[in-house]
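Both complexes below contain chain A, partnered by chain B and then by chain C.
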Partner chain A sequence: MNNKDSGSSFLKKISEYKGWLYLLPAIIFLGIFMVYPLIDVFVYSFEEGYNFASQSFFGTGMYNYSYVLHDPYFLQAVKNTFIIVIITVPLSTVIALFISVLLSRIEKLRSLFQTIYFLPYVTNTLAVGLVFMILFKKTAYTDGMINLLINAFGGSSVDFIDGPYWAKMTVMCIYTIWIVMPFKILILTSALSSVNPDYYSAARVDGTRPWRIFYRITLPMISPMIFYLVITGFIGAFKAYSDEVALFGVDLNSAGMNTIVGYVYDMLYGDSGGYPSFASAAAILLFIIVLTITVINLMISDSDN
Partner chain B sequence: MDYVRIERNTKIKKGISGTIRFIILGLWALIVLFPFYWMILTSIKSYGSYNSEYIPKLYVTSPTFENYVDAFSAVPLGRYFLNTAIFTIVTTAIMLVVITLAAYAFARLEFKGRGFVFVIFLSLMMIPTELVVITNFVTITNWNMRNSFPGLILPSITSVFYIYLLKENFEQVPDTLYYAAKVDGTSDFKYLLKVLIPISKPTLITVTILKVIECWNSYVWPRLITDDQAYFLVSNGIQEIRENGFGRENIPAMMAAVVVISAPLIVIFLIFRKQIMAGVLRGGTKG
Partner chain C sequence: MEVVLEHLTKVFPSRDKKNPADVYAVNDFDFTIPDGKLIGLLGPSGCGKSTTLNLICGLLQPTQGRILFGENDVTNLPPEARGVGLVFQNYALYPHLTVRQNIMFPLQNLRGEEKLTKEVMNAKAEEAAKLVQIDMLMDRKPKELSGGQQQRVAIARALVKRPQVLLLDEPLSNLDARLRLQTREEIKRIQTETGITTIFVTHDQEEAMSISDLIVVMKDGILQQIGRPQEVYDEPVNMFVAKFLGTPQINMFDGRVSGGMLYLGETPVMKTTAPDKEVHVGIRPEGFVLAGVDAPSTGTAGAVATADDGTKPLECALKAVEVSGRDVSIVSTNPASQGVNIRSIMGSDRNLNIAGETVSFRLKPHKVYLFDKETEDRIYEQ
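The block that comes next holds the complex of A and B.
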């Protein structure tokens, strides 16, 4: 009896130790590359005058934050990021909803369209960004494909890549929307197909108009998914960076097209780099902005439901 | 008489709205496909003919593959390709081992503190990479791992979300299978290997594909950690080509490089279309 007891407790001990053993690789990786950096980034952000080479600093305080907040490059980056967020998130969601609704109403060619629409998701943003740059760029040799279209409609050519700010922002937003559409269309099409068809039949029997059906039945049924898309859309758009590099090159500051994430990386590395403290302060400011917006979004969606 | 007319009218109406639907959907398909068409088209135009077309032609009269030769000879595109393949395969392989073990511990093994550790793991899912990349950059630099594969790979392995996804999947396997295996004297590890992994194959494939896409397209971390061309991945390679490859004006060669870089993932997508879309639907977000 006694023997058996101690045997089972021994087994228990082994299995306890075993659980941690299985977790060990994940804990090591997460510890070194996620938990420690998370603490460290706050430490960095308060260390003033941090020197990368000697890894020393002369004081602690809020100077890094104040520097970043007064840096015109940072303010430009914040402005750019907010414009991208405010334009692309609502616009891409609405277009995706529109296309998904149309998609759900057809039978023929549906899976072909779905496949095509998903393509941008699996492409390298840097690579396709180059194609967009060429389509929009005006050079000595050619005005570019897009400018020819504009000319055909009676407009005059604009250099979208090295030209005025609004032109650059336009391409930026178009490219961002092009990139984020596949995910949104995928999510919305699946949400639409999961709406119980009985609701539609009932409404149709009652003679409800299509627009009203959409507004009264479809939209409320898929609203959780729309909120999910808006929230993830905000988070994603606030982290915009690679798409900008793809269109305007690595030196985003001189193009006036930098984003907050771009500012963080520029502070860290490259010609303007070597300031992990400033980078940390900017990264934390970004995190605070994203967190605030997400919380506001969640509050709105909560009060709506 | 009247009835027939009404029926015909609704049929016509339906036909019209159906046509409009197809036109709009077709238009969006065109917007999505046009950049792909353009890169392939430009990549088979000769340098001379591309630059002589003030109004770019939508077709090509004498296609050439010379640009593809240039893409591989003028810049080390083959090297970038190989690097990316190594990076993608090794990162994905190590990640699969790490997450499988962790998911198994959370789903099947009982030990003190399991719930607590799991909550911590879940909360780590909300941490944006931008916040940790700074310290990781410093860490890898201090370890003298810049311009090396370990430096590229090690910080890219962790993925809490996939652990979570796999754990959910493991938990759906009935307990009875586990106890039956225990009675037969099967060890935990053998059970994981012989029972759980085969059962969870669809999820593992999904995770693999999503990770491969992520690795193939990763740009920021490789850019921070490599400045030696010998270790560039395709994203950094294409950026390098853009900044000072072929000479800025050789657009056709640039496009050939873009086609070569985009092709592998598009082929994988066309083969695993269903799995990829289902996988992304289950919560994979980009970047």
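The block that comes next holds the complex of A and C.
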């Protein structure tokens, strides 16, 4: 009796482990290339003066964090990143929603317009940056398209690429919004078209005004998609780097337009680079910021549902 | 409120490039729906019944014709100004709102002088919910309700503004068979209690027959017949109506009228006053009277006898006998039949013991209909 029991529980155990066996290849690869580096970064961030070549460090402690948090370049990067996040995420979502609603209203040529609005998504960031340079950059020969427009309305030229901070930040935000828009429009148009038209008919029979239909019916129906876009938008904007390079080149610190990811990169490979410990500490700080914001986002969306 | 449709026509432009002819979803409808009645719009799918409903509620604009509610021409009024309530086939309850919020939604749209206080809105919602017996579910979300309960919420939402006309699009099609029976009685009860003119769309003839005061039979956008259910069943104006109403379906035969006698194949089955010609013959399943069973094994043959008026029973090959408890259906075949099988229903109060190879039937004349071969219109006795 006892034997039989232990036999069947043994079989049971095997079938329990079977699942893990199937998962093993994925676990090994993810472990080596994702989990281990993450842990490693965490470890580096506490090791002072870690050196790649000699694999040595002076000591452990909070010094790396203290250094990074007192580095004016890092503080500037945090400030830039937050400004970009706070301005571009809500603005791009609202504008994308507006365009999607208009797109879903038109019947003729809808697919043509959808293609046009999606084109920026498949265009290379640097190519877009080049176009923005042509539009905004002030050179010895021309003030650029936008300045010509400003002049036409009686304003004076502004150097958007090498000029004052607010001008650079303005271009940066316009650029970021422009570049993240296509994906949001794509998601929102499909979300809008998945709303059953009967809801709109029902609302019309009940004499609901268009604006009320929008905020009482359309918005709640597509709110899961909006939350998805806001959360991924926050994460994406906090991790911005290549967009800044496209506009202002690799020396972002001297342009005053560095971001947190840019700071991490500079600490690793930049001209003043070679400080993996500081880079790790900055990366962990970024991780904490993104985690906090995402958790807050999720809590808000949960309490709404 | 009486609803008058005057030469109502709705044309949709063709989307098919190979066939550019316009689609007449509703073609020259001209009839009056009396006040305070329950009306069933009946027809196969694609016959324009939902279009008719949408025209009446104002979601669609007619191409031609007028719609009047009583004396008022509402043809050009938007839905909300017509005083209609509409229940959608899929109920269209707002999933993010509770039952109470769903029912109150139409009231919250009121503006200006019509604007109601929260208390009044709440009271009205409660009243509508009580009418459809869902007042204990007010704070649930639609997805927490069963199909039948969702249906009731949808009806309550349509009724909360006290519409003059209540419209139901396929109200029972999303429910299971048992709930369907219950709900159709419920709809009848609500209609009787409120006295609101109610129009519902269905493709299920049984549903329409069972609760409607009047049924309107449609086909391809054209009105076929309008009348009380029993009237339409007993006196169909054409072959389509005869075939569409009734389960089991009417049995169709190729027949011939010659010298005041109706022949099915070579058998003279019934005297008639119709003029001589080839005809379609429709016989209701309950229109057969068992005249005899030829059972060679027992040797009681010879049931086929000529009656005094010269008619003979119709002899059919027996295929099967189905006993349902309430009645017995005899499935048989005959060369003159247009369908594969002839289905006849006998009451089961007599202990029928049918076995053999052929059965013969006499016909009940008022259950036999003659239709023109060309137009498929009814040929009436003269």
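FYI, the second predicted complex is superposed on the first by the 273 of 305 C-alpha atoms of A that agree within 3 Å, B and C clash if a C-alpha of one lies under 4 Å from a C-alpha of the other, contacts with A are read in each partner's own complex, and residues count from 1 in each chain.
Just so we're on the same page, a residue touches a chain if its C-beta (ideal position, glycine included) is under 8 Å from a C-beta of that chain, and two chains touch if they have at least 3 such contacts.
From a predicted model like this one, the values you see are computed outputs, not experimental measurements.
Partners chain B and chain C, brought together by superposition on chain A, fit side by side with no clash. By the document's definition of touching, of the two partners only chain B reaches A:Thr115; chain C does not.
By the touch criterion stated above, A:Ala202 is placed in contact with chain C alone, chain B being left untouched.
Touched residues of chain A were counted for both chain B and chain C, and B has more of them. Contacts of A:Met221 after superposition: chain C is touched, whereas chain B is not reached. Of the two partner chains placed around the shared chain by superposition, chain B is the only one that A:Ala283 touches, whereas chain C remains out of contact.
In the superposition on chain A, A:Lys79 makes contact with neither chain B nor chain C.
Closest CA pair between chain B and chain C after superposition: 6 Å apart.
No residue of chain A lies in contact with both chain B in one complex and chain C in the other. Taken together, the chain A residues at the contact with chain B in this complex read 15-20, 22-23, 25-27, 29-30, 32-38, 40-41, 44, 52, 99, 102-103, 105-106, 109, 113-128, 130-132, 134-135, 141-145, 148, 178, 181, 183, 186-187, 190, 232, 235-236, 239, 241-242, 245, 249-250, 261, 264-265, 268-269, 276, 279-280, 283-284, 286-287, 290. Those residues of chain A whose C-beta lies close enough to touch chain C in the complex are 196, 198-199, 201-209, 212, 216-217, 220-221, 223. Chain B makes touch with chain A in their complex at residues 18, 21-22, 24-25, 28-29, 31-33, 35-36, 38-39, 42, 51, 53-56, 97-99, 101-102, 104-106, 109-112, 114, 117, 121, 124, 127-128, 130-139, 154-155, 157-158, 160, 163, 188, 213, 216-217, 219-220, 223-224, 234-235, 238-239, 242-243, 249, 251, 254-255, 257-258, 261-262, 265-266, 268-270, 273, 276-277, 280-281, 285-287.
On the chain C side of its complex with chain A, the touching residues are 57-59, 78-81, 84-86, 88-90, 92, 94-96, 105-106, 109-110, 157, 161.
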